[in-house]
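Both complexes below contain subunit A, partnered by subunit B and then by subunit C.
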Partner chain A sequence: MKKKRKLNTVRTIQSYLMILGSVTGLVVFVVIPLVWIVRFCLFSYKGWGSIKLVGFENFIRVFERSPKYWKAVLNTFIFAFGKLIVEIPLALVLAFILASRLKGRSFFRAVYFMPSMVSVAIIGVIFRYFFTHQGGVINEFIKLFGGEPVMWFSNGTTAMIVIMIASIWQNFGINMLFFMTGLQSISPDLYEAASIDGASNTRQFFTITIPLLGPVLQMVLMNAILGSLKVTDLVLTLTNGRPAGETEVMMTYIYKTFFGAEGMAAQDYGYGSALTVVTALILGVVTIIYLRTTKKSGEVYS
Partner chain B sequence: MAEIRLEALKKDFDEVHALRSLDLVIRDHEFMVLLGPSGCGKTTLLRLIAGIEKPTDGRVCFDGEDMNGIEPMHRNVAMVFQNFGLYPHLNVFKNIAFPLQSLKWKPDAIEAKVKETAERLDITHILNRKPRQLSGGQKQRTALARAMVRDPAVFLFDEPLSNLDPKMRVEIRDLIAELHRSLKTTFVYVTHDQGEAMQLADRIVVMEEGMIRQIGTPAEIYNEPNSVYVAGFVGNPQMNFYAARMSDRDGECVVKFMGTEFTVPKSLIPEEQYRNESGKKIIAAVRPEDFRLIPDTEEAAKYHFEAAVRKIVTMGAGLYTELEAGGVVFTAVFQNHTEIAEGSTVTVHLDPSRIHLFDSESKLSVRTLARPEVTSDGTL
Partner chain C sequence: MRMRMSIPAKIVLYTFLVIVVIITFIPLFYTLTASFKTNMEIAGGGVNPFPATFAKLFTGDATIADLFDNYIQVFSGNGGWVGTKGNFFGYTLNSTFVSLLTVFFVVLFTSMSAYVFQRGHFPGQKFLYWLFLATMFIGAGSITIFPVLRITTKVGINNLFGLAIVQFGTAGASNLFLTMGYIKTISTELDQAARIDGCSFFSTWWRIILPLSKPILGTIALITFRGSWNNYLLPSLMLAKSQTATTLVVAVVKLQSMGGAGASQYNLMMAGTMLAVMPMLILFIAMNRTFVEGITAGAVKG
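Take a look at the complex of A and B:
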């Protein structure tokens, strides 16, 4: 009996030692920064000079005197949902095509997946060159067909469209792979049964493929929504919020508040921390709403 | 209601010949069972009839109408799958309603029809359940209901009992037989289980390697197998096969095996098969239940021979025994409660008219050798 208890103690210590590494990482890189940020919300600190306790002043500033931030929030949502409308159906359709017995499908799969492996900063640079007003590839093509070159980055709408295209190009490949895995898990018998039961290909797609892809679709959408709401580096390298904050997004705005940037109010850790907390709450609310509304589609098999 | 006619039907999967030019007529209202081991092409044949697969060559006709190029949905067939093929995200009601929705029936008509069908198959109490909450038998009942609901001209079954436990198997088998009686439609049923085939079929098609070996009623297949293959495939326990020697003695055919000479009736072997063929090798076969145990009290008579009992297995209704006579080991089935002991010697009788004879080269029945080939109708 005693021996057994001793063995159990040894096992417990062993288990804790094993998770010690990851717990340390979690504390150092997640918990401490979180506490640090939340604490800073109540202070004013410009990066130099004294740290002053200001109470809820930073939050009042976020909600009452931050039109630029709320503009960035709006831009973020326009970007996220605008690109999802294109990206998800595109990935799904391509997955559907590539899941069939198409010749050379592994080639296409690799090609479509490639952008997902490229660094985001490099994608920004590539698309910058593509859409540059003078000598950009796209404008050269437009000229070739006798059109007027477009000043893509001088207009908020077109600049936003370029960011969306770059983001779609970067992400559709991996989503397509997720969908392909999901499609492979659907038994071919069901399509045979459905075709005998008189369902056309379209009806099969909507009554069998989509519902049975539910769990995958839910996961992919969640990933894509959160990923787009957190978009940062692509915007920094492509437009950096120009023109005049028309393409500013939540994360770039916070980044600039923290570290200072031209055209911004002075660097402010306290205000930046408050922005971070508010943004985290927004993301949390979106996630909860999403999970609530899609609860059913995740339960197809369970 | 439909007569299915298959003409020179061929199906290749790349290099593999799944079906090699096959002709078959399945009559209207008939219960036709396609029987064979896995890989013999029986499921491929069923899928060609359904239209899920396209033939490499040849035609599938329903009531004389060529079905090539006609999609499964327009063929008015229904299929029941081995693994049920139910839509996992839909409840039983919606599964059964699915074909009717494809036909764009009105919702209240669908509801009435589904309820009626469910009642008939005794599944009204599970209409709200999802397939994962059902037992195997309930799943197959649901699949049957989904097949029945739009009154198809042809029912296709792809080994519908193989995923069920033995008790459920009997229940669903009887249900299928009952449905065939009441629906009066053409049933095509694929199985590798010869017992199932015998119990259900009006006629059986025995297949091997993409070809038809024999077509006939269960009795014909069992009593007059046209080849060693069919004889060995049908029947449990398996038929006994012997290398025998045949001789022509005064115009009678005498076959010797198990140390005994049997004069076989002329109905079993046409004269031209054995005349002047004295000493020729032949395959003799006997069903295990055709041996008769002779009580010690009975006097010795013709075709009685001694056999040593090597092994006895009680299989419920019968005793499966392994006997040895004339240096040959064979299986015999006797009635249960027969007084017999392992290691003893018994006297056994075999009626020569129960012997099946096959050519040792072509492995075909000597009876069919003299006759023309099997026609598409299965008539000999």
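Take a look at the complex of A and C:
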């Protein structure tokens, strides 16, 4: 059938014209930029003057002479771990509560999801104001309860905690929503059968809910990890890497090598490209390791 | 999940849920109230969310115009913080224009290419499909933002129109796969009937597929609108040279960074923030279900 069908010329031309828009968009703004990055990581180019082929020199620089970048990589992982360890359990617990037939569940669901509607950059602005040393709402509350106001942004650890809080605030609702969808797809018959067999709620939770939620959990966690490792806008508007690069993350560091930052000129584009490639590889390796280690939870009683 | 709960258990659960609701609301609530305060009031601190003018309204010492003073300032261009022409009315129009244009491009081209990939047969189809699939995993986004900006600068489209085009180009292939999945559920008998009635391949899309896939396209439109309205990094770079033709989110972040170390104009910043956040919240309240369905469909089933 497939082979026998003769290609209709008019139809083929129409097909090409109809996908022209999407394909052009993809090629010009996704494929060509990717090729550009991959090509330039072997060159040295400062934006002016000549483009020199330097081979793997840029990568040697990334691995041997870029302590700031590796510091940013470490920060990124600390951020992702620190926030997910709160965000994911919180989202799970809320999903479990709201999946039961509780009155007002759609209200709660809508409210928890609401922060996802706010621009990430704006969330940075809001939390910057919220945690300001003088007049910031958080410090005012601390003073109200007799505590000492904290200089949140002048210390790497507390500044990082603020970024985590802002990110959790934004994302717990959306993850809760994913978990709820997963929970709703579990057949109520299973619980009924378990109840008849005399299984307690706790037992049902561990023998039915958790294993059957496995695939959803795996997917949600994957997205959450990659999303956290790619954090950009939030850090740019909340701390911009301050103090002294203590909250710099991979993406903001790359951004700054390309575009420059306060008092720092844009650096070599080849070096920036090499950083981009290494970062993409890090993300790829994380993905592979993650999928390998969680493979088991994906294969549940089908 | 069905759980029979005792009254004390319910009280504990609701208390927990309400605490999370309060935590979710507090940052937005304080931002809203701060947008009605004077800068002195905000800097003065305290945990009282209500602006002084609010109480004065009842005693007749202030007018409604006094209450909205910050908004009037950012609207009239006297904010003087984004260059010397803070004109938030203009920025609101810009954001609306860019978002609607992006939605138009995404919906039109996604619908066409999804139809072509689902129903068409043409040379190179597999390769192009694979290209879309591959770029989805690489997840372009901010990682390639530098070469993207080089391209837009070279072509000379660093303006609102160009921004919409780039946002369309980098929107990612998940929209395509979502729409393809939807079109798959539309019976091919409808296509055949249309062909017998003399419809070409193209007009079958225009008359049959496009109207029938309205639900999924509506969802994609909403998600795209949100993404464009909230976008920060790309517009901040593409529109960097322009003082007037920028978007709301970029303007608000500029207000923040221009506040700098000295006297930050928190009152104006918060008014700007509310202008950027409010339309999204209103849209969410109005179309909460579509958003929730769209986001879970895109991630879980996609």
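Observations on the model:
What we mean here is this: the second predicted complex is superposed on the first by the 274 of 302 C-alpha atoms of A that agree within 3 Å, B and C clash if a C-alpha of one lies under 4 Å from a C-alpha of the other, contacts with A are read in each partner's own complex, and residues count from 1 in each chain.
By our rule, a contact is a pair of C-beta atoms (placed from the backbone, for glycine too) under 8 Å apart; a residue touches a chain by one contact, two chains touch by 3 or more.
Just so it is clear, the model here is predicted, and its values are computed rather than measured.
Subunit B and subunit C, once both complexes are superposed via subunit A, fit side by side.
Once the two complexes are overlaid on the shared chain, A:A194 sits against subunit B while remaining clear of subunit C. Once chain A of one complex is fitted onto chain A of the other, the partner contacts of A:P33 are limited to subunit C, with no touch recorded for subunit B.
In the superposition on chain A, A:R203 makes contact with subunit B only, while subunit C stays out of contact range.
Once chain A of one complex is fitted onto chain A of the other, the partner contacts of A:V10 are limited to subunit C, with no touch recorded for subunit B. A count of residues in subunit A touched by subunit B and by subunit C gives the higher number to C. In the superposition on chain A, A:I60 makes contact with neither subunit B nor subunit C.
Once the two complexes are overlaid on the shared chain, A:F96 sits against subunit C while remaining clear of subunit B. Of the two partner chains placed around the shared chain by superposition, subunit B is the only one that A:G214 touches, whereas subunit C remains out of contact. An angle of 90 degrees, to the nearest 10, separates subunit B from subunit C at the C-alpha centre of subunit A in the overlay. Per the superposed model, the minimal spacing between any CA atom of subunit B and any CA atom of subunit C is 9 Å. The contact surfaces that subunit B and subunit C form on subunit A in the two complexes overlap at residues 192.
Touching subunit B in their complex are the following residues of subunit A: 187, 189-190, 192-200, 203, 207-208, 211-212, 214, 300-301.
Considering their complex, residues 2, 5, 7-8, 10-12, 14-19, 21-26, 28-34, 36-37, 90, 94, 96-97, 99-102, 108-122, 124-130, 134-137, 139-141, 143-144, 169, 173-174, 177-178, 181-183, 186, 188, 191-192, 201, 209, 216, 219-220, 223, 226, 230, 232-233, 236-237, 251, 254-255, 258-259, 269, 272, 276, 279-280 of subunit A touch subunit C.
The residues of subunit B lying in touch with subunit A in their complex are 50-52, 71-73, 77-79, 81, 83, 85-89, 98-99, 102-103, 132, 146, 150. Listing the residues of subunit C that touch subunit A in their complex gives 1-3, 5, 13, 16-17, 20-21, 23-28, 30-31, 34, 42-47, 105, 108-110, 112-113, 115-117, 120-123, 125, 128, 131-132, 135, 138-148, 150-151, 165-166, 168-171, 173, 176, 200-202, 205, 226, 229-233, 237, 249, 252-253, 256, 266, 269-270, 273, 276-277, 280-281, 283-285, 288, 291-292, 295-296, 299-300.
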